[in-house]
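What follows is a structure written as structure tokens; I'll ask about it next.
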């Protein structure tokens, strides 16, 4: 299974029997065991695996950048471009890094020196490796910034990283890694921290530059969609070992190893439908998935929000003068039928988290009212306001940060009961034990602290805490985006079966359209603080009407290597700042179909057929039908 | 940036006003008759009355405060109860040794502390690192007058390398001044240097774990270059903060050091004023030292902008 | 309630774990030994004020372990009695600074309006050098151990308050606090059950630094003649009395000087050890 396909060319990089160990106290424990992989010239190898699979560690050891005191390479040969890297001295290795092998990291926010200008950071590479003069280096830096299509590159040379958006910073990272035209580019989760539309742009850019420069690429990712889009060959890692390697089409069409098959089955894919329709999202541990159940009809309204808005004051300039406020959320109205799931979809900065916090009454709306389980909340103060929380609870994004580190699992789950329940301690104990059972945790774990649980288990605790009061509404803010794919599937299934059993209503906030399709009954798409489209799930996934929704769909990597989407160049366009919202339609600056009308007037959310609502002057224009209709009109 | 500067400078004003109020009210809050207290147990009623009049203690507190404040605004810090000399004159006479001692100490502490801390940070867990940490916790723990006597005993009395006492003014030549201040400065800088070394070490360790350091190494930059060009500037804020912060301890230490080494500076003036309850001198020196401390830390705050281009942004948000 | 027993059980095991580390165990043992010696001082060793003109300025010997001073008093006896003052001052200042500082710090961290005023006042107190403020206060209060304790508490309170406030502000922003709010925790429960336990570690570390600072400040005050009165032996005034004869009888200064340094070193090391124990980021060894 590990045999490489016969290839007459010599590999650019061949890693043989690589083992890496981590230090744990006084002992060294294996993190990567006897791993082999190679990269041919001009090839893209994707290394895919979940957290802890050893995928990043393997490439860091190729670069000789393992953290010195805590990790070491215990065996292995690394043949690169005719040289055995493991035998090189520190100085020789330093000369290869950045010159022959470039590297991009996951976090564009922290991977650039915050105190150094962009141009200087780029110029350093060629000054170091080619001995370029400051002037030449600066010129090359400018050329490279233009290459990665940073708008207004000349002025960006003197910018500091914090003045750039995440997507722009990742472009700078790519420019930096390619400054001295390395033979090999290692990209470690280069788009994980980015929004889906920006991810599409960055992946397209990497593919384009790779073709242009003939660079070989190792792309490390946990996202099978990214693999399908980018890879020539794929290596699947699990728990420090390579379990399978195959050309990309073969891997997706005929996965051999059970783990690869399980990974593919656990990944939600666009167009797969919802659990209510009997779709199954298989989990690696084989846990049962929820059975079919249609959405309940006419069971009343669990939550209603009308005209909700939030402005944040912003102080700048002389002596903290009040500048133009940011409108994080602007005129949002929602209705959540009992027993159903309303998903709110949008990219970072669209106001979805602010909206969630307003619904949770942790931040006060600047305007509008929220009605929870029939009770209006705007006029509630003090104790009455606190008691409303019996009817609405929340699951947070980060299962590591949202559980109190000094409380036991039992205390955490009991907290809402203690504050709002009015039960005696025996009843509390019984309820907590029942909930533990419901979310699939063993009663033996009741006394443990959060650090003793895995990410998935923590999210189970968080879910138990959210439903222990049997609330009408649970707001889940990106509840699975911090989890591995296999765990994500478990949590989604758990949420679905709980909804089925208890008749809960969910507000499910997410950036991931594939996840939303599995869990939601109604979907609202947010852009810059507004809902721009809202529709029943099936209608939205069948025919999105807003160009922004279409753009989101087109940005999701397909899980089919035969139907890649990002082969073409994608224009660099980014979300405008919420403090500087465009006039007229707020999407027009990114919309390829924008007209004068869009600049002049702001379209309201208007009802179309079948409960479909959209805020666009030209609904459906981004689909082929819509474009045909437009040309007829013209 | 200018907005930030102005805001920081304005933020200092209430602190200085509060210090002035605190220094003024020290005397008011004293239990019993302050004039009696200042004059001492053996004073005659006439002497007490004289003190009372001199310090305006016979008037209501608000009037006293106004008188004190307006004198302060005119640069009048009062006159010594004992010698009758204006406090400003006394300060002018004695400021040189203290200034020289403080400067020498700061230079010594920074020039030793920062490199030592940085060096230890690059070798975390090694023998050298542990040694540096042990030395710094020791230097941090030995009180300044113990260190002073230890140094006098070995360096001056046993080895006769440096004078044990006294101060040579600048008019006698910079060399002579430095010679006379070397021991006091070493004694005084122990705690300060240890603080700087510890903070530097922690800050550099922290920065070395940052992602951008890995990026810089992946670019093929050498360890030393990465340390100096990428790591240190990003570790600078906590380091300059502790340098500013330590000035407080330094100014307090001056009182002790000048007493031990018999240096005729402000510290010695303060120490003797306390024993003699020469209240205007204590008031003036407390105020002076506090103002120096506040201004030094204002400079430190303003220097943040040099090291971190984001500072004006987050400072503006945090305020 | 079962939660409470679980908590005490956990606290006990945490203490057990901490004491298993030599970096924590050794300083704790030294402090316990010093406390026992100080408490038993009157029984263990002779009168610290017993003047003996016949035995003036004797070098250390078996009879007088640390020698005698210019009045023939036993330096060992005086030093041991000085331990009582240092520990008393250190402990009382620490307890008072904790009580006042933690209250002010939590208040500042929680109530923005109080914060603005309170922190300006703290800034003002902190801008006067500790020693100078303490001696200015002593100049007014007059010499005496109790007065010294008060004069040292005042400059130490803002340092504790600052630390607690800083931790409170950062804890307040954590998602688990937001979770507690959505779980309906009342403000007081939020403060005492959710926020305060997280400030305990930094508070404890700061407490050790306050303790050592208090011991040093008291010694300096006494050394300058503004602390413990001359008839109460304290390390500071023993050194002060011995300094004139330093060249001929250095032992008078050495014994209290060494004891003072060891006590401060012990407490500081304990603080460092606790800090490293609590902060895995500093403990974690990096590249």
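We just call them A, B and C in the order they show up, numbering each chain from 1.
The criterion applied here is as follows: a contact is a pair of C-beta atoms (placed from the backbone, for glycine too) under 8 Å apart; a residue touches a chain by one contact, two chains touch by 3 or more.
On a predicted model such as this, the values are computed, not experimentally measured, just so you know.
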- Arrangement of touching chains [line / ring / star / complete / other]: complete
- When B-C is set beside A-C, which has more C-beta pairs in contact? B-C
- Separation of mean Cα positions, chain B and chain A [Å, integer]: 50
- Could you grab the centroid distance between chain B and chain C? Build each centroid from C-alpha atoms only and quote it in angstrom. 21
- Using CA atom averages as chain centres, what separation in Å is found between chain A and chain C? 49
- Message: Which positions in chain A are in touch with at least two other chains?
- Response: 69
- Task: Scan chain B for residues touching two or more other chains and write them down.
- Result: 124-125
- Message: Give me the residue numbers in chain C that touch at least two other chains, ranges are fine.
- Response: 284-287
- Message: List the residues on chain B that touch chain C in their complex, please.
- Response: 14-15, 18-19, 22-23, 26-27, 29-30, 34, 37, 124-125, 137-138, 140-146, 149-150, 152-153, 157, 202, 205-206, 208-209, 248-249, 251-253, 255-256, 259-260, 270-271, 273-275, 277, 279, 282, 285-286, 289-290, 293-294, 297
- The chain C residues in contact with chain A across the complex are 1-3, 6, 174-176, 178-186, 189, 194, 197-198, 284-287
- Item | In the complex with chain B, residue positions of chain C that touch it | 120-121, 123-133, 135-142, 212, 216, 219-220, 223-226, 239, 243, 246-247, 250, 253, 257, 260-261, 264-265, 268-269, 272, 281-282, 284-287
- Note on the structure: Listed in rising order, the residues of chain A that touch chain C in the complex are 67-70, 360, 362, 386-387, 389-390, 392-394, 396-398, 401-406, 408, 411, 415-416, 419-420, 425, 429, 447, 462, 465
- Residue ranges of chain B in contact with chain A within the complex: 2-3, 6-7, 10, 124-125, 210-212, 214-222, 230, 233-234, 307-310, 313, 316-317, 319
